[in-house]
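By letter and in written order, the chains are A, B, C and D; residue numbering begins at 1 in each of them.
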């Protein structure tokens, strides 16, 4: 837990450092730069390299603390970011030394949770993606072969072999269309039209497969998020079994517009709430209302005691909530005596405390 | 409420004005226009500017009426639409004065609810969109670096530095393909093919993420629309608590084909209906049937009294309905005595009235 | 109903005729064709025109039979397909006469149900599509304005006015990339890269909105299809009220792999089945089994009498079914005495008949 | 079943062979290769051809074993892969002999289940895909006709006939943009802009339709996968009727994070689990825990006997599970006495066995 705030700070900083480094690498390859500019650019690279050495040391220390072993991707990236430019400096000639810093391209992969998500989506959709790529390959080769047969006599310099025709085919199938190789015959142009349409179709397949994959992944992540929300409630932390999953399954989503009252003081409480998105305001006896944001929960006393609500809660912004109904919870309790025990004990402890439910 | 009809008129008018203004700005930059044409075009700009001054005044008056404070985006846009061209007129030289009216580009952002929706979709999908953009950047830099290494000796004028190679890479990765920089070596062309395929893949990722985002947003908006439909029923307006949310959750969607009978006079009524889309016709004793459109509701008497339907209702067009079943409603009433009270009183009041249920 | 088989034959024929006609129109514009070829091509056009006159007559006759009034889209298309080429023949000079047959482009719109579906999807997604198109326009104008400012001094012939710059912008934003106008300055190329990425983003938005629209439409069509399946059961045709909708809602989808047994002779029957897709085989006492395809239903006796299944039914192909459970049906009957009446009478009638249930 | 492991080995090998063969075909068309290289390339082709002869023989033997008749697609592909190059060798002249091996392009179609899935998605979406292709054709012809009218006088060599204009239109509508034909007039450029936007729209339609199709197909495949999971449980294999489908329908999905405990020794067991993805660990009395992977099931004793869990099971990785609740199962048993019988007998048999439930 203690490493997370630090990580949150360094993720954008890390991205910025890598971006600056790569821009410097790019600038170093320009011919018109003077030797002073070159020197200062090289100093920038050296400075970034020094930061990366520190980062590697930090990673190694944290690894020892958490007793990890083996090469994690994080460690590999941190190691390469330090070692590869060093090798470049020692072995390569002067103008190309900077290029070895291109390895810093991998640095952003270290933090983003997106890359892990993308990995899961791609891994799950892999058979379909491989399939579409095969279709791409088959159409590519087929189109090249036919274009070669059609155009080889008309434009021997551009379609005189299948590899040459394949350059035209990939340019056309991806709808890039450089325009350096264009079929001249009527049959060749009809083929080109069909290849362009196939390109769009293959593109659409890719998009369709990835859209489906993302949709499924987002739904899975919702479940994991709900799990984390439930896991944050002290009451439920004492449970450690399948009943926990049941509670997560029993959550029901709800969107409340800004300004709506979610529960009223004195009402019978039949549910507790988890805030997924947005903010709610709790009217306490003190003049300044308390606000709760994403990840918070309220109304949990009602689940255990069935007492009326002790405060009015209203939505400050549009709020996305998850409700846990007392019926669902009681049903779970009746079949899992463990839950009932935990509730009775917690309710007794908290009766004197400051619950909002 | 009083401002809405006015707004509905000005939204397309506003778009039209901005479009005319921008076309005028564009026309003014053409060199071949004569001085008479130039003058008349400038008069058009002046006229539109005058309308925008009026609109700014109107916005300020309405703001005072509704007691808003601070800079709303609407006010900022209205202010800039007036002030920026004025600055241009005072400070800039003659040929470029008109360009300052380019700020009117922002005017359409003032009205469309679409931009707010787009904002929400993008905000929610932001981590993924940032992630894909990072992938774009990484592939872009990586491709530039490799293309530079491969092609720099063959085409030093086109691939002689990473920034030059990057221009080729962005043109290829986005499958735009200007054709001004084309790899000549075999390795360069294989790289180009891979870059084109990556481009299509990144494009598909973007599409997949946004499709998922839009789907989720449309589902959310359905909930908000249902909320508004329920909020328009006088009976429910007397409720102001969580019970309201429960009613919204209890609604069940249904599509009825054109011509189908939705409920028959004399039948037992077990549900009330909200019209989401399409039109229904109510057969009243008078010869001309009453038609109801989106946002209307009918059959609400059945919820309270359980009396038989007082009229036959049929679908004029394909109709999308939401049903509130009396079982659901009674279940809610039994747990919320507040609802039961409201119902009894309303039913007594309306017994002599002209309900359609 | 009698017109449908005729329509099914003419829809592809119609498409073929239009395609042949349009290819002929295209061929007529080629310069190198001789006068004999020209004459024969013109005869083809005349022949197709004659067929279209017959089709117009047929449409008019069918209209009288069904007592339609007003201009249906079908009639407008048929009229224009005849009248426009006639006007061309009478008024236009010789080489361009054939072009008027280009109106036959509209002929395919006459039949495809796809165009109606597309219309509904587009109509429902209209606000979002208009919104994205506005974004397209705003980015287009903004990019043109900035490109004009950046490049006007470097390439006055290509970026010397906003309309010229706009041609570059639309070519780039749509990732078409003709390559006739290319920014030369560094700032211009950075702008071009951003415009390409915006183009991909706008494209992805469009795809996302339309994907969501299609998904919703497919779900709606499922409901309408279920409605039609239920409406084809004689038993249910005697119902004509909201109960009908309830039956449709009570259907539950199921996919059965090829070869699986759906119900067994002598088993207690608790549901009836509608075939959405695929084929089932009913083992009758006779050696040749009866096969049922999409739109058929079986097991309806079980709904009414609760008697055991009279035959074994198995899936020949993978079958997509809808089940109506007797519990659901009985629940509906108990609240709608009308249904119960219809059932009792039908069951008595059919007891001597050949039900499969 | 016995052929499957063999198939799994040959699928990638087959793809590799075809890829090597096609690259060789492509290389043979290059002009600069010497006669030694040519000979060795031809030997590679001959070797691959020999492997394909063996594969054909294997397919024929397996066919005899399984008593298949008629031309399956697999057999057709295997036959053509052998016969077509043979014909090429016998009939064609020397330089083009290798091209006949291009037929090996079809080899990958033989194995991938993706192609069957793609076939189903395309078949189901066929009306919509045909519709969009019609829209493509209509826009293509319409744009060509208008471009011809606008540009024929300005650029007679490029837009002098509709077929010439059509080449421009297909290049633009697919956003390929070779840049060899570009409208020069103002009207022509406005048209080009509209055609590009239509191209993006049609593209988005295609993507939307295919995304919807893939989503539906993935959901169908989930059902089939669940069917297979249930079919693998010995207990259920004794059932062969509609009850089987009911069991599949009663499964409820669940995702459990890595490390979570799924069930605990001594707890009351109310469900059995099927593993869809990921791995679980069962703590047995022996020190080494047993791990189960996708396709396994556990906890089935609880369904029959209601006895407490005999072992603790925890998730090793994130696990995707399907639960069958004993309530659901008991409900099914009560209506299908057949199930109850099977359970009683199986439970008695297994009481002495090593169930994990």
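Going forward, a residue touches a chain if its C-beta (ideal position, glycine included) is under 8 Å from a C-beta of that chain, and two chains touch if they have at least 3 such contacts.
On a predicted model such as this, the values are computed, not experimentally measured, just so you know.
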| item | value |
| --- | --- |
| Rotation angle (°) superposing Cα atoms of subunit B on subunit C, nearest 5 | 90 |
| Shared interface numbering between subunit D and subunit A [over half = same, under half = different] | different |
| Centroid spacing, where centroids are CA-atom means, of subunit A and subunit D in whole angstrom | 26 |
| Where subunit A and subunit C are represented by their mean Cα positions, the distance between them in whole Å | 36 |
| Per-residue multi-chain contacts in subunit D, two or more chains | 163, 175-179, 203, 207-209, 211-212, 215 |
| Subunit A residues touching subunit C - in the complex, by the definition given at the top | 175-179, 207-208, 211 |
| Residue ranges of subunit B in contact with subunit C within the complex | 15, 19, 22, 25-27, 29-31, 99, 102, 105, 108-109, 112-115, 117-118, 133, 136, 163, 167, 170-171, 174-180, 202-203, 206-207, 209-215, 218, 252, 254-257, 260-264, 267-268, 270-271 |
| Of all residues in subunit D, those that touch subunit C in their complex | 127-128, 130-132, 134-135, 137-138, 141-142, 144-145, 148-149, 160-163, 166, 172, 175-179, 182, 186, 189, 192-193, 196-197, 199-201, 203-205, 207-209, 211-212, 215-216, 220, 223-224, 227, 240-242, 244-245, 249, 335-336 |
